[in-house]
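Presented below are the structures under discussion, each in the form of C-alpha cells.
Consider the two complexes below, in which chain A is the common component and chain B and chain C are the respective partners.
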Partner chain A sequence: MKDNTAASAMRPFVVKSLAILAVVAIILLLPQIFQTRFAQSLLNQIGIAVIFALSYNMLLGQGGMLSFGHAVFYGLGGFMAIHTLKMVNNGVVPIPTELVPLIGGAFSCIFGLIFGLISTRRAAIPFALITLGIGELIASCALIFPSFFGGEEGVSANRWTDVTLSPLNFGRAGEVYLLIAAWMLVCVFLMYLLTRTPLGRMANAVRDNPERARFIGYNPHMVRTIQFSLSAFFAGIAGSLFAINFEIITAHALGMMASADVLMMTYIGGVGHFFGPILGAVLVTFLQLVLANITHAWLLYFGLLFMCMVLWAPNGISGLIMLHEPVWKAGLFKKLLPSYGRALVPGLVLFLGVIILVEINYHLSLSTNPESPMSLFGIEISAQSAPPWIASLLLMTVGFLFFRKAAFQVRDAWDEVTRRMRKGEH
Partner chain B sequence: MLEFILLSCINTLIYGLLLFMLSSGLTLIFGLMNVLNFAHASFYMLGAYFAYEVSTHIGFWPALVFAPLGVGLVGIFIERYGLRSVHKYGHVAELLFTFGVFYVVNELVILIWGRNPVAYKIPEMLDFTLMSAMGTEFSAYRAFMLLISVSMFAVLFFAITRTRLGLIIQAALTHPDMVGSLGHNVPLVFMYVFGGGAALAGLAGVIGGNYLITEPAMALNLGPIVFVVVVVGGMGSLTGAFVASLLIAALQTFAVGFEVSLSDLLALWGVSAPDAGGFFHDLLRIEISHTRGMMPYLFMVLMLVFKPKGLMGTREE
Partner chain C sequence: MPETILSLKGIHKNFGESEIITGVDLDVFRGERHAIIGPNGAGKSTLFNLVSGLYPVSEGRMELKGHDITKLAPHRINRRGLSRSFQTTNIFPKMSVFENIRCALLWPMGFGHSFWHLCERKKALNDRSRMVLEQIGMADRALMPAGALSYADQRFLEIGITIAGGAEIILLDEPTAGMSRHEIERTVNFIREVTEGKTLVIVEHDMGVVFDLADRISVLVYGQIIATDSPEAIKKNEKVREAYLGKEAV
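Let's look at the complex of A and B:
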C-alpha cells in the first residue's frame, strides 16, 4: 500500500522527466532529419530567437515592463562575443568557443545593471520611453564608436578555431547548431527555474501591484533592476550565439527594428505562459525565413498578425491554447469544433482576399515593370486588369460578412460550453 | 559667425515649430487619454503622402486642406474602432496597439508608394528666394512654413483657451470623471482630440514632407524625436511641448556647426592626445556635430532619470 502511493507520487515526476528527455533528444536529432542548408540555418536562428524571446518575456510577461530597447543587450552581447572571437583568432586569449556566449552575456548583464538602475524606477510608460531612448542612444553611438561597433560594415570574425572544449571546432553549421541547442536548453532551463525562485515570484508581484510589494518590504525598483539585468544577460547570450552563427554583427542587431521584432515575436507567442515566447519565436522565425522568400509583403502580414493579436487575443497563441485546456479536460472540446470549422472557412476566404489585394499592390509599386504579368498561387494574372481587384474585394466582403456571423456562433458555442462546465462542477 | 547664428536661428524656428505641430497633438492625447501614441509620426508621414497624391492630381493648395482632413479621419477611425476596444486591457495594450499601427502604416506606405522617396516638391509659386541677408538666403517656402506653423499655434491656442470644446478638453485633462458626470461625452471628446492631433501631425507632414523628404522611413526618423519633445516638455503640457520643441530643435541645429572634439579641447591645454587606436581614440575624436543624432535621446534619458515630470509637466505617470 505504502509502496503504491509512493509510486503514484513518483509517476508525474517520471513522466515529466521522460517528456523532457524526449524533447531534448528530438532537438538534438532535428538536424539529422532536416539536412538541407536552409533547414540548418533555420534551426540555428530558431534556437537563438527562442533564447532572445524568453529573455524578453522576463521583462514584459514576468515583470510587466514593456521595453522598446531590448535588442541593445542582444547587440552588445553580440559585439562583445565577436571581439572575443577575434582575439581568439589572433591568439591573444585562449577562450573556448563554447564559453564565448558567457562573456557576451556577462558584458550585457553589466550594461543591463547600469541601464536597469536608471530605467526601472517606474514601470509602464516611463519605462517604455527610457528604454526607447537608451535604444536610440546606443544605436546612434554605434556610428561614432567605430572601434567597437565597426561602423557601417560591422565587425566580423572567424568562428572556426582549435580553441574548444569539445572535439568540435564549429566549422560547419551543423556543429554550430549543437552549440546553439545546448545553450538554448541550458538557458530555457535556467529561465524556467528563475520563474520559480523568490525573485521570479517577486517580479510577478511587482508587476501586479508594486505598491503592495513595497508594503511587504520589497523594493520594486531593486526587483525590477535585478530582473532587468538577468534578462539582459540572456539576451547577451542570444546575441553572442547570433555573432558566432553568422560570424558578423552590425549595428542593425541593436537597433529599433530588432527590438520591435523581439517584442512582436514574444507578444504573438503570448506573454502569460512560460512556453508562449518559445512558440512565438519558432513560428515567427519560421515564417520570417519561409515567407520572406515567397513575398515582399511579409512584414505587412507580420504587422497585421500582431495587430489582430493585440485586438482579439491579448494573451497570444499560448493564451488561446490554454483557454481550451479546461474545455479539453471536461471533454467538451468537440462541442466547439463545428463552430470553429464554420469560422475557419470564411476566415480563410477573407484572408485570401487580403492576400490578393496586397500582392497586386506590391507588384504595382515594387516590381521593375508593373505591366508584366505576375503569378499568384501559380496563376498568371495582370495586376492592371480589373478581375483580380474585383475578385479580391468580393472575397473580402463575403468573407467578412460570413466570418462575423460565424464569430457569433463561436461565442454561442463558448457560452454553451461554459454553462455545461459550471453545471458539471456543482 | 553672425551668419551662422542667424541661419541656425531660422532653422531652429522652422524645425522647432514643425516638431511642435507633432508634439502638441501627442501631448494632448497623452494628457487626455493616457495613451502614448506610437503611431503619431505615422500620421505625419501619411500627411506628406496624401499631400503628394493630392498635389500631383489637383494642386498644392487643396492638398493643404484635404490631406490633414484625410489624416484626421484616419485618426478618428483608428481611435473609434481600434484604440477604444483595447482600452479595457490597460495602457500597455494601448501602447502596443499604437505600435502595431505604426508598423502596419509603414508597410502600407511601402505597399502603395514604394520604397523610394516620392517626388513631392515645393509648389512653384513659393519656390523663390524671398530675401537674402549677409549671404544667407531665405526662401519663400520657409516663410510660408513659418506662417502656417505660427497661425496653427495661434488657432490651437485660441481653440484650447477660448472655445467650449477647448474648455471641456482642459477640464477633461485633470478631471475626466467629473466632466463625464456633468453630461459631456468624454469618449467623443477623446475621439475628436485624437482626430485633431492626427490632423495636426498630417499638416506638419504636408508642409514638412516637401521641405525635408517624403519617404517610408520618415516616421521612424522623426517619431522618437517627438517622444523626446513630449517627455522633456512634460507629458500633457502644451506650453512644455512648445518650449521643448524649440529647445530640441536648437540643440540639433546648433550642434551641426561645432566641429570641436575632446582632443581639440585637450590641445588647448597643451596636451596632445595619444594617437593610439581603439575606444578612447574614438572618444577623443568625436566632434560635437557628430553627436547631433544622439543628443536628444541623451537629453531625454537624463530628464527621465532626474526630473521625470519634464520641464512643465505636473505629473509623473
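Let's look at the complex of A and C:
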C-alpha cells in the first residue's frame, strides 16, 4: 500500500520527464526524417517562430497588452546579432556563435525597457497605439541610420566561423537547426517558468484588474514594463536566430508585416494556454512556406483562416483543444465524433468550392494570358468557361447547406455531452 | 493621548465645479475601530479614495504614521501599511481563490517584481496563503475561479485580499453591502477577528454593524465631518440626530 502511494506520487514526475525526453528526441529526429532543403529551412523557421510567438504571448496572453510593434525587438535583436557576427568575421571580437543570440536578446531587452516605460502606463488602446507608433518610428529609422540597418539591402554576415563553443561551425543548415532547437528548448522552458514567478502571476493580476493590483502594493506600469522588456529579450533571441539562419537581415524583419505575423500566429494558436502560441507558430509558418509554394492566393487563405478563428474560435486552436479536455476525461469524446465527422465532409466541400472560385479569379486577374488553361488539383480547366464557375457555386451552396445542418448536430451533441457531464454520468 | 496613525488636515476635493469634500479634519488612533457614517452622497467613498491615493486631493494634507502621503500613488501608500477594500467587489475574477490571496501576499512578503523565484517553491508564501484562506473560511474552495464564488463569498475574498498582507491600517468600504441578515452577522464577527490588534476605518450604512463594531464614529455630511465621538455620544449628539440619524435613530 505504502509503495503504491509512493509510486503514484512519482508518476506525474515520471510522465513529465518522459514527455520532455520524447519531445527532445522528436526535435532531434525531425531533420533525419525530413531531409530536403525545403524541410530543413521550414524546421529552422518554425523553431524561430515558436520563440517569437511565445514572447509575444507574454504581452498579449499573460499581460493583456495588444502590441502592434513586437517585431521591433525581433528586428533589433537580429541586427545586433548580425553586427556581432560581422565583427567575429572580421576578427574584432571572439564571441562564439552559440552565444550571439544572448547579445541580440540583451540589446532588445534594453530597448524593451525604454519603450516599455513609454508605452505601458496604460494597457488596451493607448498601449496598442503607442506600439504602432514605435513600430513605425523604428521602421523609418532603418532608412535614416543605414550604418546600423544597412538601408534597403540590409546587413549580411557569414555564420560559418571557427569561433564556437561546440565542434559545430554552423556552415550547414542542419547544424543551425541544432542551434535553433537548443535555444528554442531553453527559451520555451524559461518562458514557462516565468509564468509561475511573482512577476508572471502579477502580470496576470494586472491584466485582469489593474486597479486592484495597485492596492496590493503593485504599480501596474512597473509590472507591465518589466514583463514587456523580458518579452523583448526573448523576441531578440528569436530575431538573432533569424539573422544567423539567413545570414542577412533587412528592415522587413522589424516592420509592420512581421508584427502582424506574430500577432496572427499567437492568436490562431490561442492566447489562453501556454502551449497555444507554439501550435500557432508551427501551423502558420508551415502554411506560409508550403501554401506560398502551391498558390499565389496564400495570403487570402491565410486571411480567411484568421477571420474564421476570430469569429468562431476566439480562444484559438489551444482553446478548441482544451474545450474537449473535460469531455475526454469524462470518457464522452466518442459521443461528439459522429457529429464532427458529419460536419467535416460538407465543410471540405464548401472549402473546395471556395478554392475553385479563388483560384480561377486569381488566374483571370494575375496570369499574363487569362485564356491559357490553368491546372487545379492536376485537372486542366479554362477559367473563362462556365463549368468551373458552376461547379464552384454548386459546391459552395451544397456544402454550406449541409454544413449548417451538421453544425446544429454538433451543437446538439455538445448539449447532450454537457448534460451528461453535469449529471456525473460516464 | 492615544497615538494618531492617520491624520487628515483640511482635505478638499472637487470634481470640476462640484466640491465633494469641503474641508475634512480627522485623526484616526492606532488600534481603534473607527466608523465613518453619513447620508448617501456625503462623500464617504470619495474620502476613502483620497486616503488610499486613488484620487489626488485638491487641497489639504494627509499623514500616515507621521509621513506625508498626500501626493503618493496608491501602491506607495499601500506599501506603507494601508490596505483597503472596495464597495463593489474588486477581485481577480479569472484567477483562483488561492491565487487571489497569494498575489496579495507577494509584495508584503518581499517578492517584489521577482522573476527568479517560483511561487510554488516558496513554502512560507504558500503556507501563509493557506492560513489566510482558512481564516476567511474558503480553504475548501481554494482552486475555484474567484469569479465563480457566490456574492457573499466574493465579498469575503475581497476582505481577505485586503487583510492578507498584514497592513496596520485597514479601510473597509461598506463590507456588508447587499448581504443578508445572517451574512452580515458572520461578516461582523469576521471583521472583528481579522482586524484584532490593527486599526480599522470602516464606511458602513448598517447602523447595527456600526454601533456593534466601532470604538469611535465620525459623521460625514455634505463633505464635512460634523462630529467625531464614541457611539453613545454620537447617539445623543443633537447635530447628528438633526442632520442624519433623525428618522433612523433607535
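Simple rule for what comes next: the second predicted complex is superposed on the first by the 420 of 426 C-alpha atoms of A that agree within 3 Å, B and C clash if a C-alpha of one lies under 4 Å from a C-alpha of the other, contacts with A are read in each partner's own complex, and residues count from 1 in each chain.
Operating definition for what follows: contacts are C-beta pairs under 8 Å (C-beta built on N, C-alpha and C of every residue); 3 or more make two chains touch, one makes a residue touch a chain.
Computed from a prediction, not measured in an experiment: that's the story for all the values here.
Looking at the shared chain after the overlay, A:Ile114 reaches neither chain B nor chain C.
When the shared chain is aligned, chain C comes close enough to touch A:Arg212, but chain B does not. Judged by the touch definition given at the top, the superposed model places A:Asn204 against chain C, while chain B stays out of reach. By the touch criterion defined above, A:Val23 lies against neither chain B nor chain C after alignment on the C-alpha atoms of chain A. In the superposed model, A:Val223 makes contact with chain C only, not with chain B. Between chain B and chain C, more residues of chain A are touched by B.
In the superposition on chain A, A:Gly303 makes contact with chain B only, not with chain C.
Touching chain B in their complex are the following residues of chain A: 64, 66, 118-119, 121-122, 124-126, 128-130, 132-134, 136-137, 140-141, 143-148, 256, 260, 263-264, 267, 297, 299-300, 302-304, 306-307, 310-311, 314, 358, 361-362, 365-366. Chain C makes touch with chain A in their complex at residues 52-54, 73-75, 78-79, 83-84, 86, 90-95, 99, 102-104, 106-108, 111-120, 161-162, 164-165. Per the touch definition, chain A reaches chain C in the complex via residues 193-194, 196-202, 204-205, 208-209, 211-219, 222-223, 226, 230.
The part of chain B that touches chain A in the complex is made up of residues 34, 36, 82, 85-86, 89, 91-93, 95-97, 99-101, 103-104, 106-108, 110-115, 220, 224, 227-228, 231, 277-279, 281-283, 286, 290-291, 293-294, 297-298, 300-301, 304-305, 308, 316-317.
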